[in-house]
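Letters are used for the chains, namely A, B, C and D, taken in the order the chains are written, and counting of residues starts over at 1 for each.
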Amino acid sequence: MRRYITELIGTLFLVMGAILGGGVGASLALIIMVYAGGHISGAHYNPAITLAVLIRGKIGAKEVIPYWISQIAGAFIAALIVGYVFDVKSGGDCVIPDDGILKAFAAEFLGTFALAYVVLNAAFAKATSGNSYYGLAIGGTVLAMALVIGRYSGGAYNPAVAAGLSLQGSFCWTHIWLYIVAGLGGAALAAVIFRLNNPDDL
Amino acid sequence: MRRYITELIGTLFLVMGAILGGGVGASLALIIMVYAGGHISGAHYNPAITLAVLIRGKIGAKEVIPYWISQIAGAFIAALIVGYVFDVKSGGDCVIPDDGILKAFAAEFLGTFALAYVVLNAAFAKATSGNSYYGLAIGGTVLAMALVIGRYSGGAYNPAVAAGLSLQGSFCWTHIWLYIVAGLGGAALAAVIFRLNNPDDL
Amino acid sequence: MRRYITELIGTLFLVMGAILGGGVGASLALIIMVYAGGHISGAHYNPAITLAVLIRGKIGAKEVIPYWISQIAGAFIAALIVGYVFDVKSGGDCVIPDDGILKAFAAEFLGTFALAYVVLNAAFAKATSGNSYYGLAIGGTVLAMALVIGRYSGGAYNPAVAAGLSLQGSFCWTHIWLYIVAGLGGAALAAVIFRLNNPDDL
Amino acid sequence: MRRYITELIGTLFLVMGAILGGGVGASLALIIMVYAGGHISGAHYNPAITLAVLIRGKIGAKEVIPYWISQIAGAFIAALIVGYVFDVKSGGDCVIPDDGILKAFAAEFLGTFALAYVVLNAAFAKATSGNSYYGLAIGGTVLAMALVIGRYSGGAYNPAVAAGLSLQGSFCWTHIWLYIVAGLGGAALAAVIFRLNNPDDL
């Protein structure tokens, strides 16, 4: 239970950071919440990362759904706090233009690939265990990807963040499939490469 | 005694950073002072954190008042240095507008909750002891909260900082209750959740 | 083989960061990729660093060419992704003005010297082994040099990055010799100084 | 000898960073050079820090002068590179206005106090030995002080940096006494407080 509370709190602050502070706010929130919760839940805060950690073999299949539910619940609570407590409402225009779907898909795929690749190597590899940089590397990846390719997709790299932003109105629900498919796909590819590159860790 | 000198020096630079350097100045000052003083006093520099550390069980009840006095003394000395040595005087307008009290309360509660949550997990948990990231995580939380929700309350997340800024004139004394109540409340909630989530640490 | 895949992936994201995110994008990409791949390949991502690591004695001469090929392949794939997937085309004007060749050479020499000096001392020295700061120090060097002297040469400090940017059009192929000669020269000097300063490491 | 080469190289890049990159450039250069040279020379790069380390008891009195000479030599070489290779010449106007001497003195005293306080506690204390954050804390102090009180004195916190900037023309030689007296004074006070606060380290 304490792992699910940790995932909910972490994703809540991550989504508040993303809506009210953009790429910098999201990456700072992710850094602090990874360092605060990593020792309890592994600090995924992201359904795509939970999938990558499953493929890598560090959580069981039965835990995936409760992790996902906790993450989405945190994202939705954040959207409600932002919308109803702080009165910040967005809505209407989609972040992704009609002729930008391919670029957005590529950007989300590459960004979530990079995020899962860094998470697995910095936080779930034997050779790097006990390090102090994992939170900085993970949050830094969101910042790097937001800066470098965030313009093409809004820079979620996280289906729960995309859902929270869609509920709050910063993203459109019509594009949620893209964040889910590209995000899970990029994370799964990173997990496969991790397994090939770290055979002694399996 | 050396713990109280450390708390005074740390809070002094934190409040100088907040008045003259805003959220970035405060968070940088906090990072460096946490790394400089953590091994001596625990580097609270914040009455709300001292309360959270008390609830978590890492300091005794008798130490709370001297910690608080050291922190407030440091904050007041900083306000005097800024006002009389550097001649930076503010005053008059309150940071929080009349119709923004609820948002300001929510922002201070959430921000101090996040700060205490990160402090307890990164600096006072068995599973993370000996890490090198605690100062970065703690200062990073102030930066994250200042960026994400600082606009609603001025972003103190610390009753001593609020007192220092009120003395110097950047904050109004009429709102000091809000920084105290929301700050202590948010920190206390974080400490309760820490106890639930880390049962083996008690 | 897994080392070459790691070098290719890391250099790919480094060059994407450099083209689409400038000095900040490149340095953030380098930080995260050093932390992700350091335990597999040593995380050079740079032919000049591979040369410095060879002189320092941490890789064999036979490995240099495959490292270089992997790095250049990653850089070229990044240039193609940026140019054809994200449609970002540059071209025409050279970064280095005709009367600025000497300054550009000095800047690339100093910048790559600093980078190799930091890499060798932070990531390949006995006295600092097991630290958690190496990625931050290495990526921070690219950021520092880009900010301080990047204006004179475009700030590559890396022949593979220069090749990728030349293919994509941000740099001119006519200046590629400068990035190669100054980069390899600066890195070689840093390796010689490392050997003098760390006699017990050899 | 290798310690003096290390001090010269580190101070050279620090002063180049300060002249061409301001407070951000100086602090980034300091972070990377502290991580690169700390294990060889202790990475002072600053005559005031060398004094503080002497008072703290970590170097011998005979080493002070060679350290100071190496630091000033590095600063002067940096000034010459900036002035004659990169053709960046300043000169004429002093950073400190005539009626701002007291504020400048207070700022340099406070800034160098903070720097020496952080250096001693993060890099020369038993309780924090082996940490990975010392470079970040030390460079972060220069950034914090530059942001918070740099406007009053130009933000050297380092007599060698002040000498290098005076030679290059960004500072006036008529104020060099201030950087020396306030810098050595602030650092000495920090060393005395360190000795009081860390009695078991002596």
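FYI, a contact is a pair of C-beta atoms (placed from the backbone, for glycine too) under 8 Å apart; a residue touches a chain by one contact, two chains touch by 3 or more.
Note that the structure is predicted; figures quoted are calculated from it, not measured.
If I list every residue number at the interface of chain A and chain C, are over half of them used by both copies, so same, or under half, so different?
Answer different: the two copies use largely distinct residue numbers here.
Through what angle, between 0 and 180°, must chain B be rotated so its C-alpha atoms fit those of chain D, rounded to a multiple of 5?
90
Tell me, please, which chain's centre (mean of its C-alpha atoms) is farthest from the centre of chain B?
C
Between chain C and chain D, what is the gap in Å from one C-alpha centre to the other?
Each chain's C-alpha centroid was found; their separation is 29 Å.
Determine the centre-to-centre distance between chain A and chain D, using the mean Cα coordinates as centres, and give it in whole Å.
Taking the mean C-alpha position of each chain, the two centres sit 40 Å apart.
Would you pick out the residues of chain B that each touch at least 2 other chains?
132-133, 136
Which of the residues in chain B end up touching chain A in this complex?
102-103, 106-107, 110, 114, 117-118, 121-122, 125, 127-128, 131-134, 136-137, 140-141, 143-144, 147-149, 152, 193, 196-198
Touching residues of chain B toward chain D in the complex: what are they?
Residues 2, 5-6, 9, 13, 16-17, 20-21, 24-25, 28-29, 31-33, 35-40, 81, 85-87, 132-133, 135-136 of chain B touch chain D in their complex.
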